[in-house]
Amino acid sequence: MQSTLEEVAARVRPLVGQGRVASYIPALGEVPVDRFGMAVATVDGEVYGAGDSGRPFSVQSLSKVFTLALAGDVWDRVGREPSTLAFDSLAQLEQDRGMPRNPFLNAGALVTTDRLLTRTGDAVGALRRFLTEESGAPATVDGAVAASELATGHRNAALAHLVAGYGKLDNPVDDVLDHYVRGCAIALSCADLARAALFLARGGEGRSGRVLPPADVKRLNATMLVCGMYDGVGEFAYRVGLPAKSGVGGGILAVVPNRCVVCVWSPGLDACGNSVAGVAALEAFTVLTGWSVF
Amino acid sequence: MQSTLEEVAARVRPLVGQGRVASYIPALGEVPVDRFGMAVATVDGEVYGAGDSGRPFSVQSLSKVFTLALAGDVWDRVGREPSTLAFDSLAQLEQDRGMPRNPFLNAGALVTTDRLLTRTGDAVGALRRFLTEESGAPATVDGAVAASELATGHRNAALAHLVAGYGKLDNPVDDVLDHYVRGCAIALSCADLARAALFLARGGEGRSGRVLPPADVKRLNATMLVCGMYDGVGEFAYRVGLPAKSGVGGGILAVVPNRCVVCVWSPGLDACGNSVAGVAALEAFTVLTGWSVF
Amino acid sequence: MQSTLEEVAARVRPLVGQGRVASYIPALGEVPVDRFGMAVATVDGEVYGAGDSGRPFSVQSLSKVFTLALAGDVWDRVGREPSTLAFDSLAQLEQDRGMPRNPFLNAGALVTTDRLLTRTGDAVGALRRFLTEESGAPATVDGAVAASELATGHRNAALAHLVAGYGKLDNPVDDVLDHYVRGCAIALSCADLARAALFLARGGEGRSGRVLPPADVKRLNATMLVCGMYDGVGEFAYRVGLPAKSGVGGGILAVVPNRCVVCVWSPGLDACGNSVAGVAALEAFTVLTGWSVF
Amino acid sequence: MQSTLEEVAARVRPLVGQGRVASYIPALGEVPVDRFGMAVATVDGEVYGAGDSGRPFSVQSLSKVFTLALAGDVWDRVGREPSTLAFDSLAQLEQDRGMPRNPFLNAGALVTTDRLLTRTGDAVGALRRFLTEESGAPATVDGAVAASELATGHRNAALAHLVAGYGKLDNPVDDVLDHYVRGCAIALSCADLARAALFLARGGEGRSGRVLPPADVKRLNATMLVCGMYDGVGEFAYRVGLPAKSGVGGGILAVVPNRCVVCVWSPGLDACGNSVAGVAALEAFTVLTGWSVF
């Protein structure tokens, strides 16, 4: 596996640095575009890494996977269909009358954050506790990123108000936004994240016990495959064929059921908001291993 | 003219009470649906009235006409094309990248309010002063309506944040919303409003002096005809043929250039948000007088 | 009036040749872009001209005005609201379930053509007879333009099939398309068209008798003002303030009620599909004469 | 396996007859709504059946899978992203400028049919030959269904003309429509279809030899999972978790890679156009077998 990761890293080297670093959150725009890290955590407990696999980065939308897993039943307030519009589209949300199309869109994650906040009283606290326990590394919020996002996050505020306008938030808009933004601003490394998400490849069994029943893990993986890569889900399924979730920090989490979780990070994004080198690395990984759900 | 108004009132009597009172602002929902008032202010200074022509009602979007007239040049930030979507549509605004399609949509009026706020330091103050001077009646803000609208106004907050997200507001979102909502909550009667809008029929000449140059008044009237009746502009032009602006409080202001301004009020609204009896009254008025711009 | 037209022609000279000649109909693309003609027919029977006012051009969508006037009641099959999408938009038509938003969109004119075909048995024949009688010039179909449009007109075929799919055409799709395309391919001069449309400025009274009742003419003018200039209606109302209809052949017909009809032609089109020099000429005309409906 | 199928059939019995039979193709509307059949073809050559597993039905959109497999490279003309709009949406196609979002929408299948027609000279002939060889049953076109669909298929004609209008068809519109409609009107049983699609579970190896390379089969399965169930893909992935394609005749083909192909048929459709009892049967099948790609 270690040599496979080295081979993958070598193959995607020419792509590292391509694409654009997310700039709508000013603090994210300062990350060097030429970073690349990759880690694999296997179901039997091994962790392999290449490149910057130990360097923390801003998880951003990768947090949406964990929030969904912890929030309990959310399906009365959020759908599970793909969206053909951008992850922060107001039009889609309005057309669906405040019911976000899936929990991996910003609006959907605002709804799952609201639910987690109601359930625990401290959504970002619950998220941090879980990530710390499962990864073994302290999951801290990058205050500069959170502050930067709150100060410039008019679109997320618009989404939250629109959801609230349809009566679909239980907590005050400002509280939900605060927890959502801080959850996105958690910084962890590829190795940490692969470890923390391992329950997705182990039928719901995490390091510190059962996270979800097996049937729910299958469903979460299915929802990731259909909705996890913004408006590039079809292309990603075609090229890679694994359930995955990407974030505008440049991270992608992918699951090979019953085998491993892969986390890759490189900040240069394509037009859909997915890491250019990250997608290529996962494609190379599936070619080399022959692993795919199809 | 007085007998014409009486005749109009008699003809629309069966329609008064039809339609639905706006309920998304709770305080508005308490107005009795069976009110009807109508007033005509002629260019030579006469004012005629029928029904509840002297009873104040919530001007709501009628204020958008006066805000636009007072805001100065706004066309770098707002268009002048009709919208085929609802007056509070997020989708339209997003598609147009934060440039509201016209100043009579909520988003457009947030932009003109922002401009008036920058220009005067107190948008709602400027609006009240103008309305008081031109109508001769004190233009007061109905605090209950304003509070009700602010407390439930998530959609307007979403619109304001979306405009701000595109960098198109100069003042803080909360300030703009506050002035916008209080401007909508001003209460005046049909007679007051007809008097206050008389400059639109007199080439820009108001009671207390010139409000706008003649060319700008023509343009404002043209923009009303094409954009002033929500997504019922074509139907209204077809049936009535006058520049007009309606509000969800049930009021409609209509202009007969060089002759008069008509203001009609009845709270029951049709599916577009226009007063059912109000539209019918203006249609009857044009049939009886033969007045139309076509 | 003659000197006014000369002055207008002089003012817009620098704009003649700007814009792009419609090229989606190959035969139209061959017209020299630097043509300019203008004619005014007054209600008392005078006709004034400037530039190429006597040179025939392809009327294209100007024919939609005459088809609507001759088709009888069409409002069960077509709306009268503006469209914010392109004149050949399928999305708008689909959203409206096969009910075209207005009779000046392609889909709307297919519906009025269908109605005229049912009413007369020969839609293009009825159109040619009317135009010939009212203009005094033989209204002939340019066979090359019609053939060119039929051969490449997949979008119009798509619109017609979509309307038919909603059960809203009475005649076979191919027949309706044939009459529609030949009606658009009629060639007439500015002077001819101004004469033929004079009933719109005379309360429905044409050269050879009553065409429409006065109330219907007002309504037709109102519908033109709100829907006649593609997705540039607001801009045109703001700048010119007259009911008008444009065609991709570069012609624009405008009505000054109770005064005159103006027809202007210059093939270079703006992004909305309206003649660049034509719009400017009408704006200059209203500035010089002070005529406007507002 | 036989007892599993019997158990599935027993469980879904209460749902058989629910939903609505597709009625927009009149001849389809005559099929009794209470039919139910199911067949499994395993990779080692066994075929199991329950209910009406041997009764032919109209394959409709199931043919899109085979047309795609036989058409060669089509990705310059068709995407592979899910659509959130209906399978016959004109709006989606127009927004994408004539590039259908995926090959399982009607527009996408018109494009793959066009490609297959160019490649073979007889698209429906190639399809019938393949299906006959792989299933061992003669794949015949139901002439009544084809005639019924051609006579009423204005929407498909609109889609084809719109694609052609963007220059994306190589053959005449009428020819493409004819082959497309006849391909949809092929009648086969569940057992026949499961056999014919077995190459999808065997890495591309069909009964009569290699159909596609293994990598292309993975991609076809991935594209089915993301795009195969109309606008219910997310729900289907969540509940069933298998690559699948449904048709408005009531059939669904699902693939368990390296294990089997399942074909189920019941004519009652849900709001997305998927068989009500068919989806439930596949869900029960995955629960009983524990098979899923996640």
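Here the chain labels run A, B, C and D in written order, and each chain numbers its own residues starting at 1.
FYI, contacts are C-beta pairs under 8 Å (C-beta built on N, C-alpha and C of every residue); 3 or more make two chains touch, one makes a residue touch a chain.
A quick map from chain label to UniProt name: A, B, C, D = Glutaminase.
Quick caveat: nothing in here was measured; it's all calculated off a predicted structure.
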Original post:
Can you list every chain that touches chain C (Glutaminase) and also touches chain D (Glutaminase)?
Top reply: none
**OP:** Compute the centre of every chain as the mean of its C-alpha atoms, then state which one is farthest from the centre of chain C (Glutaminase).
**Re:** A
Subject >> Between chain B (Glutaminase) and chain C (Glutaminase), centroid-to-centroid distance (C-alpha), Å >> reply: 33
Original post:
chain A (Glutaminase) to chain C (Glutaminase): how many Å between their CA centres?
Top reply: 54
Original post:
Approximately how many whole Å separate the CA-defined centres of chain A (Glutaminase) and chain B (Glutaminase)?
Top reply: 46
Original post:
Of all residues in chain B (Glutaminase), which are in touch with two or more distinct other chains?
Top reply: none
**OP:** Identify every two-chain combination in which the chains touch.
**Re:** A-B, A-D, B-C, C-D
**OP:** In the complex, go through chain A (Glutaminase) and note every residue touching chain D (Glutaminase).
**Re:** 79-85, 92, 101-102, 217-219, 221-223, 225-227, 231-235, 237-238, 241, 243, 257, 292-294
**OP:** Enumerate the contact residues on chain A (Glutaminase) facing chain B (Glutaminase) in the complex.
**Re:** 89-91, 93-95, 154-155, 157-159, 161-162, 164-165, 173
